[in-house]
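Dumping the structure here so I can ask a few things about it.
Chains: A, B, C and D, in written order; residue numbering restarts at 1 for each.
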Amino acid sequence: MTWEHKTDQSLVESHGLKHDEFDSIVQGLGREPNFTELGIFSAMWNEHCSYKSSKFWLKKLPTTGDRVVQGPGENAGVIDIDDGDVAVFKMESHNHPSYIEPYQGAATGVGGILRDIFTMGARPVANLNALRFGEPNHPKTKHLLSGVVEGIGGYGNCIGIPTVGGEVNFHPSYNGNILVNAMTVGIAKKDKIFYSAAAGIGNPVVYVGSKTGRDGIHGATMASAEFDDDSEDKKPTVQVGDPFTEKLLLEACLELMKEQAIIAIQDMGAAGLTSSSIEMASKGNVGLEIDLTKVPMRASNMTAYELMLSESQERMLMVLEPGKEEMARNIFKKWDLEFEVIGKVTDTKNLVLNMHGKEEACIPINILVEDAPEYQRDYTVREPAGEYQIDPNTLNSKTIIDDLVIMLSHPNLCSRRWIWEQYDHMVMADTLVRPGSDAAVVRVHGTNKAIAISTDCSPTYCKHNSFEGGKHAVVETWRNLVASGALPIAITDCMNFGNPEKPEIMGEFVECIRGMTEACTILNYPVVSGNVSLYNETNGEGIYPTPAIGGVGLIKDISKTKTIAFKQNNSLVYAVGETKGHLGNSQYLSIVQHKELGSTPVIDLNKELKNGKFILELVNQDLALSAHDIGEGGLLVAAAEMSLSSGIGITIDCAIKSHEFFFGEDQGRYLIEIDIQNDDTLKKLSADHGVVVEYIGQTKDAVIEIKENSKISIEELKNNHEKWFPDFTK
Amino acid sequence: MKSHVIVFPGSNCDRDVAVAIERISGSAPEMIWHKNTSIAESDLIVVPGGFSYGDYLRCGAIASTSPIINEVVKKAKAGVPVIGICNGFQILIETSLLDGALIRNNSLSFICKDIYIKPENTSSIFTKNNVVAKMPIAHNEGNYFATSDTIKKINDNDQVAFRYCDANGLINEGSNPNGSIDNIAGILNDNKNVLGLMPHPERAVELGLGSDDGKYIFEGVLK
Amino acid sequence: MLAKIHITLKKDVLDPQGKVIANSLSDLGFDGIQSVRQGKYIEIILNGDDKNAATTKLNQMCEKLLANLVIEDYSVEID
Amino acid sequence: MLAKIHITLKKDVLDPQGKVIANSLSDLGFDGIQSVRQGKYIEIILNGDDKNAATTKLNQMCEKLLANLVIEDYSVEID
């Protein structure tokens, strides 16, 4: 096909626009776009802002429920947590920037997700982070890990929002493309939520926050492009975070939100002024006219193109009630922030940009938004891997405890203390359950209730069976909430995948969504917000499919909160749910036998629901002293974690002592600790609920012992468990 | 009981300490914006933790030049009890109300965890409960440093308020979280009415949050 | 040998510290300040006396560890 | 006018950062490092062209804000 436009073909391509996409711009405008307009289209139509490959599939996710106040489509999702309170939350990726500059990339990722939350009128109360790095001995891993953790802490600690949890995995598929997903939860009043739809013809459009510099121009375009070996050259586009200014912006916005002044508010995230202004106009079905000369600038001689595409951090756009400008200006001045009326709402339904009296752009909003490309990309679904039977000859002579030590010392199962001790996880003085348990539990300030939060995903499960993997990611968060004594309410997601133009990758995406949909539906656990990050590839190698899930639940009475720590000696420990010994794709195979083989475990969602409800019933009746879901690593790893976090040991004396039993990853299981006097009640209750419970052992001393097999002191196990991160990062 | 909490841009433990004071004393403190220049009659002034001015330049440096600081110094010199917690400690050091300096943790990392401290001076109103107390630290620059002359002076003059120790009160290298000289966690001025400490007693006023030992520090002033 | 290394932020990169310092100086009554940028200054004492070899080595140290080339520039000087 | 300010730790003050940098450099294989000290380098652009007046002012800025004289020394230089 020949290029028939006046605009330079390579200029269009360097903006990440395909030929037919450019054709439809020309058709929509009735002319060729100028340079600024080209930049705007490129920012709006890239994958990151337009969701062009994923939109069709995302629509299939269940997004409604009794407690859903706001589903996907706004800056964050909102759920009802009783008494007129709501929780506002979302997770977002900052993968590519973090690979290029780990500290600033991760820090600005935290800054960005925080703004999404307080834009809605919520005070952020908790941060979490889901991290994925390449294999530890890859030359970049140490630098990336240290930088990312420091950056997350640097931003969250400074602004004074506790970082209460997260997850971290190492796998070679992330060698050239790490994942940094940040989640924030905020609390607001249900009748004081702020939205982004602009309204009121003639109303002032106001810019607040930091000045605009040449930061991150083309950041959003970069996030949608595959990496290659030249990506180091793209470095100068990285933006620097300023958590101090964000703290001021947070306080100033919340202060102004107490007044009846804000009609619409939108943070400037990816594609800065472009996406924020267009989103506000599109949601309100109005036009906007902006005088770019008025935009506070940090650098000299900035062009319209640069102003529109800058990704300078810590900025917001608002539509105010007319006449409220001076009152609002005073608030922002008090907090030493920029405040400028830069335009007005119009009825033209066009985005009009002027600079020095000259029109720099005029684009009908609907072309930018509704006419944005949407693809139903081809996909192929791989045959899931088959069953795997362990070869008894590979079991060598090691004891079960020897294998446990190997597993708990491994980067994927060892203690994450080195990470969370760099995060202030207690500021705001409401963190009831700190990192290191199943879910983090944060009290709703000034009340007797709390929210529980957990992020999870098992990329290996997703790789070898994307449908079951998608189910699993959702269910794992659900179990973590349940084990903490919370009623699971809803999730946010961060869909990290490779290049969607490859049918195999698109197949992984489609299958994960299908699995998530099924799990969310049966568990009544809808999706209220999310984010998609595609093209996570380096030199043609995609990452493992990684649909990171963040779940939020409600604990109505904080005295019912459960942690994984054993509480006393001589309690009985039971496994809830059936143990069959599924070793395919397990941590045991991967860590001890260095194999990635076999099938992903299958989740029976109805049993899952039943088992979870049973746990909540035990919590409700004050029967469970502690609870922990059995996840990666299997039953013995879960039991050991309960010991490690309490110092109280366990003597296991069940009849079966196979590796399958101890390390299998059958789904839908929990460990619970009950007082010996409640044994009969437990048995009766489990029978009533039709739930399988199996006696595992008794808490005792400071030793983990498998009767007639092997044992280890908790102290020795702890030394092994705590070692890896400090040694690795030294 | 009247108390005051100073609020700087970037303070973020101001609410926490206000809640703690109200919990212990029954009355809420008045929050004082840093641009104010006077503080009414007060039984306790708290310079709270956080990241005033983002910790930019040097922790506490910019806040120590705020308008309200002259008044804090004046009140402190007049004998009003003043507590600087974490960043508040750094600010008081920058005002020269307290001796020494707080430099980067020897690990060069931010550290957030529970530690134990032991009162060394038992005559001040903040330390007269002579018990080992558990509470969190959360800081980047809590490594107490002073010249040997200064160290000698504050030791001789009974100005060391707390030292880091283990759960049994043993002061040793293993219980020093940040490299502070002689495990110093908090110090007093000459007069013993101004306390600066790195640990956060306001985060330790409820067992549900892990400890309520923070009360030992506040009780002497608030009751 | 005493080596002096200056590490400064690249021109267009935001310097949050510089901004706050500039504001604070003018609050203190210092006028006429156009801008403030904060960088690092590192002194390294090296054995030996081959300045050329040392310069090469110091440049490598900056590239590998001392400077973050994504956002910073550096310069090396030997006394 | 471009003013360059160096802020360094006094000789007897511990420098945890310098120590860690020195260790990391030798871990990276750089030998012959006797010591590393990290300080600050601040560039201020000032209006006007009276160097003497500016020097006085810059010294005051250092005394009042930029340096902590308990542990730091400073030097001021105008280009």
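Quick note on the criterion: a residue touches a chain if its C-beta (ideal position, glycine included) is under 8 Å from a C-beta of that chain, and two chains touch if they have at least 3 such contacts.
It should be emphasised that the depicted structure is a prediction, and the values quoted were computed from it without experimental measurement.
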{"item": "B-C against A-C, pair bridged by the larger set of C-beta contacts", "value": "A-C"}
{"item": "Centre-of-Cα separation between chain C and chain B, whole angstrom", "value": "33"}
{"item": "Distance from the mean Cα position of chain D to that of chain A, given in whole angstrom", "value": "41"}
{"item": "Rounded Å distance, chain C centre to chain D centre (Cα mean)", "value": "9"}
{"item": "Separation of chain A from chain C, taking each centre as the mean of its C-alpha atoms, in whole Å", "value": "36"}
{"item": "Interface hub residues of chain C, defined as touching at least two other chains", "value": "16, 20-21, 24, 28, 38"}
{"item": "Interface hub residues of chain A, defined as touching at least two other chains", "value": "242, 244-245, 336"}
{"item": "For chain B, residues contacting two or more additional chains", "value": "53-54, 56-57, 62, 65"}
{"item": "Chain contact graph, described as a line, ring, star, complete graph or other shape", "value": "other"}
{"item": "Footprint of chain C on chain A - complex, ascending", "value": "100-101, 103-104, 210, 213-215, 235-236, 238-242, 244-245, 298-299, 312-313, 336"}
{"item": "Touching residues (chain side chain B, partner chain C) in the complex", "value": "53-54, 56-57, 62, 65"}
{"item": "Residues of chain B that touch chain D when the two form their complex", "value": "57-58, 61-62, 65, 94, 100-101, 103-106, 108, 143, 145, 147, 179"}
{"item": "Touching residues on chain A, where the partner in the complex is chain B", "value": "150, 153-154, 157-160, 242-245, 247-248, 335-336, 420-432, 434, 558"}
{"item": "Chain C - residues contacting chain D, complex", "value": "6-8, 18, 21, 24-25, 28, 30, 32-48, 57, 60-61, 64-66"}
